[in-house]
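Notes follow once the structure below has been shown.
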Amino acid sequence: MTEDFRALGIRLRNWGRWGADDERGTVNLITPDRLVAAAGLIRRGTVFGLGIPLDENGPQSGNGRINPVHLMAETGDEQLFPGGFRYADDYLFMPLQGSSQWDSLAHVYYDDQMYNGFSARDITVKGAAHCSIDKQANGIAGRGVLLDFPALKGVDWLTAGAVISPEDLDAACAAQNVTVGRGDILLFRTGWRRKFLHDGDAAAFMAGEPGLGQDCCEWLHEREVAAVGSDNWAIEVLPGEFPDAPLNVHMVLIRDMGMSLCEILDLEALAEDCRRDGVWDFFFAAPPLPVTRAVGSPVNPIAVK
Amino acid sequence: MTEDFRALGIRLRNWGRWGADDERGTVNLITPDRLVAAAGLIRRGTVFGLGIPLDENGPQSGNGRINPVHLMAETGDEQLFPGGFRYADDYLFMPLQGSSQWDSLAHVYYDDQMYNGFSARDITVKGAAHCSIDKQANGIAGRGVLLDFPALKGVDWLTAGAVISPEDLDAACAAQNVTVGRGDILLFRTGWRRKFLHDGDAAAFMAGEPGLGQDCCEWLHEREVAAVGSDNWAIEVLPGEFPDAPLNVHMVLIRDMGMSLCEILDLEALAEDCRRDGVWDFFFAAPPLPVTRAVGSPVNPIAVK
Amino acid sequence: MTEDFRALGIRLRNWGRWGADDERGTVNLITPDRLVAAAGLIRRGTVFGLGIPLDENGPQSGNGRINPVHLMAETGDEQLFPGGFRYADDYLFMPLQGSSQWDSLAHVYYDDQMYNGFSARDITVKGAAHCSIDKQANGIAGRGVLLDFPALKGVDWLTAGAVISPEDLDAACAAQNVTVGRGDILLFRTGWRRKFLHDGDAAAFMAGEPGLGQDCCEWLHEREVAAVGSDNWAIEVLPGEFPDAPLNVHMVLIRDMGMSLCEILDLEALAEDCRRDGVWDFFFAAPPLPVTRAVGSPVNPIAVK
Amino acid sequence: MTEDFRALGIRLRNWGRWGADDERGTVNLITPDRLVAAAGLIRRGTVFGLGIPLDENGPQSGNGRINPVHLMAETGDEQLFPGGFRYADDYLFMPLQGSSQWDSLAHVYYDDQMYNGFSARDITVKGAAHCSIDKQANGIAGRGVLLDFPALKGVDWLTAGAVISPEDLDAACAAQNVTVGRGDILLFRTGWRRKFLHDGDAAAFMAGEPGLGQDCCEWLHEREVAAVGSDNWAIEVLPGEFPDAPLNVHMVLIRDMGMSLCEILDLEALAEDCRRDGVWDFFFAAPPLPVTRAVGSPVNPIAVK
């Protein structure tokens, strides 16, 4: 619990593991055979979209990130095509990390280096020369596993600052009778989205959150998890465990381990379905928008059972 | 060939077929059993992202739609977190129909009605009250089939104005030894993307295109195709077959049949792979961003073989 | 006080006064001779910019309008011009009515008509065909007069809901020894900006405000004032005097009288200077950005003494 | 003509002239007495707005900068206020240097320093810590003088690459019987806007332009001009006189002399009026939007005669 994040980062570091040029990180753990196996989890033919609605009622309260602004450019008014054709068109302005989203491996760094040792100077006003989200253009698809902590704890939602520990991860796996292994995409539900839907308080949503403690990094590393997603906005617990090193889990997971994070998901319907049928794994696919040199992307992941 | 689009629309109309309230149209043809069957097409574990890069080098030349504008909001500069954490963040401004995209069923209409008889007055400056893209939030996933017309015709790309006929569709199916049937997502390659990559001429890309002729609507209707996508920007041939009724195929497919269109795809790598292994069907998934009341969405579809 | 706003509107209506085609309204009262006379108010050579800073710390709390988002596109990084030239460039995304701004005469309407009887149907998703802000492209320049109500009342700021009456306007004129007359631009200070600078509470800034009561419309009409501006965001008192007719002053001033409103100004430095030298009139110039068919424009008015 | 721009820059440098902290440059030359004198040029009471329309028909062709995108957020549709009030609202997305605009003194730099020796590192993804446009929030107002080169040369417009020399400036002054002196804002017309209005070719507008040659820097320096504006987009001739030092005039004027540039103006109506009455000087006011830390601002300057 008290290990310095830098020491932990060195210990769990995947730099060079997939080559000196690798910009995709732990997604490489989803080998073709695992993707084929994941397809076998499509048993019933039901799809769950995990992206939250993109509109002004989102969880951003305006500090650096805003909610998406959707504006119509055409409604058919003032159009004069022969034959009767009319069309509607629209525009969107949004922060790429403000709604359901993938963090690219260029999203965070420390000590002037990002994942795989790329220089932080590769990130300029023109975007990221390395590890940008378009390097994941083929998407992150494979076996998804959902762990449901409010169900485990018998609460509506975990509270801000509540630390999820490796023991909690193990307990959830045991309670749900599911395993998490090599190349899996781990989704964990904290109830933070449900709380936001309940109280609509964007400032409270962003002020803190339940999430992973630093020790979970090792748990994810040992199991060779490919990616991790949640209904909170930063994966990790906030305020963090170390006041003098905020966002420590981001730093170890993204920068040292090369793990992509999928945040601000809506796991409500999927969790309810899994509770009903007792099946907690599924085919998961979440292709980002391949925005050139972007450090993140909005995404609408799907889980298919 | 000379049938009036309104008469054809009445004949092929799917209004009411999936209920008076339906806002998803032919996507309803992807029944659970077909989705499960489609999963079986993931045989090798290879993913192809079909979305084009989102950047200023896209195919828009500025008439109503522009290329996406990506701007960094944070690079780590001027950040003063304790512990060393630094992050990068970015923003995107874009037309929702300017890059690889789904047209929602509210994208076009005529005679004051859109798909399923919803009133065109449902489309206002605030977006579409019905048939908006978020109604497809679970995405469009199922069996994809690719037809490769440049390969069929022995050319690099079809030319602007070149009409793809039902006979061409049949010929491509026969040549590729593949069938298109109920609930399939049909992708067809015209080479228009390849031409754009070759000459980089956005104005030429938008000025016209090879694409489906009007008679193909019936072909798609008979086979109960769920959705159609292409590497051109409007699915249909442009200039169209009827100067006094431009965008006639849009009107029949989207407004009368309720078929979602996926445009401006990059099918180059997928087509090359299919030509190599002779397998032209695959698992296809393309979840739109659930932008509330939007009439379209950028998308990065994936094909998994 | 209890007159129905529609009745008042009919009584004060300037429709047709400057021709059936007029789209500029009371700004027409600034005749050339008055503009020349206003130039004589430049006696000391001091300029006061009255626009608030455009940044994320503005008064918008995200309901429909957001604060301006300023993003750099270039900083000089990654540029390779011969000779050493480097440049910085930037982008802005903003609501046109979210900061210091002119309301155009197309900004509000009722009963399907706007100023001068133009049809509300002239306002579509493509903007306003009549009375848009670019019709004021030459700007609104002339004699400005400032009335300082916190000074008059001996408070730091008036409170939300505090009604400024015609008697208050007269009292301020008398106390300041200044007159308001034909073709003048009347600026009045409520302290609402000062309060916002003091507490930084955007939600409180927008939730209500001190401002003009409905009876002031007649006062402005009688004196033939050309335009009115303030440090609040709606000129008029909020909540308004008539719960069943919110924004009644907007409706009478803009729609019936054709008066342009200049809102969310910073009058602090100007007021302090006027208190010091006892001179409350000045040359005023506020050219809007001529955004085609826009219904408002950000503006940085200047007062020159 | 052949002097190296760095040598010239050192010779004409105004660094420290108005203090080590100065961020306003030559605008300081507009002393209060000169502003008061400029007011005396308002003789007839006629205003000319010099800003071009902000819309998609502007001169940008999409390389880095786009034309402004104006989108309506409200038209009155779907509003349900009691009493009948309806309002229209809109949004704007634009590059700050894409239309009529002020370049801030942070807009260009070389050799890691900008005006007054401030470090180029002050310009980050968060904007400019020094010399940003909001430092000119009080606007640039004073005596404006227009020089009309197409009239002088008897042509509709000068051609791309046509160099305006100090001799040309003197000849124009003599022909127009006007002087340019201390604290004046010099506007010069090249006809480049007129050409754009004639042919509508944005790519041609941006590909080159007639403008000031490098020797004019000294001319402006000697006369102690406060600012310079034009109907072209870069003030200086393009392609420039020195292929190995493009934008040399920008570098000397902005970075060394601290002179603000006002570009892409529409001087047509003003020039026509001046030709008619033979009066080439006027009161000029051009307050930028005080966008915090921005490196430029759209502006709609006014000339008042």
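Going in written order, the chains are labelled A, B, C and D, and every chain counts its residues from 1.
Here is the rule we use: a residue touches a chain if its C-beta (ideal position, glycine included) is under 8 Å from a C-beta of that chain, and two chains touch if they have at least 3 such contacts.
In this text the structure is predicted, and so the values were computed from the model without any measurement.
Peer 1: Trace the shortest sequence of touching chains from chain B to chain C and report its length in steps.
Peer 2: Minimum number of steps from chain B to chain C: 1.
Peer 1: Matching residue numbers in more than half of the contact pairs is the bar here; say which of A-B, B-D or A-D clears it relative to B-C.
Peer 2: A-D
Peer 1: Between A-C and A-D, which chain pair is linked by more C-beta pairs in contact?
Peer 2: If we tally the contacting C-beta pairs, A-C comes out ahead.
Peer 1: Interface overlap for chain C and chain D, more than half of numbers shared or less than half: same or different?
Peer 2: On the two sides of the chain D and chain C interface, the residue numbers are mostly the same, over half being shared.
Peer 1: Can you compute the centre-to-centre distance for chain A and chain C, using the mean CA position of each chain? Integer Å is fine.
Peer 2: Their C-alpha centroids are separated by 45 Å.
Peer 1: Distance from the CA centroid of chain C to that of chain D, rounded to the nearest Å?
Peer 2: Their C-alpha centroids are separated by 26 Å.
Peer 1: Need the CA-centroid distance for the pair chain A / chain D, whole Å please.
Peer 2: Roughly 46 Å, centre to centre.
Peer 1: Where in chain C do residues touch two or more other chains at once?
Peer 2: 64, 69, 72-75, 91, 93, 124-126, in rising order.
Peer 1: Spell out the residues on chain D that touch chain B in their complex, using ranges where they run on.
Peer 2: That would be residues 56, 61-64, 66-67, 69, 72-75, 77-78, 93, 124-126 of chain D.
Peer 1: Within their complex, state which residues of chain C touch chain D.
Peer 2: 5, 31-36, 38-40, 42-49, 51-55, 64-65, 68, 70, 72-76, 81-97, 106-111, 120, 123-128, 134, 137-139, 141, 242-248, 250-251, 283, 285, 287-296, 298-302, 304
Peer 1: Which bits of chain C are touching chain B when the two form their complex?
Peer 2: Within the complex, chain C touches chain B at residues 69, 71-73, 91, 93, 124-125.
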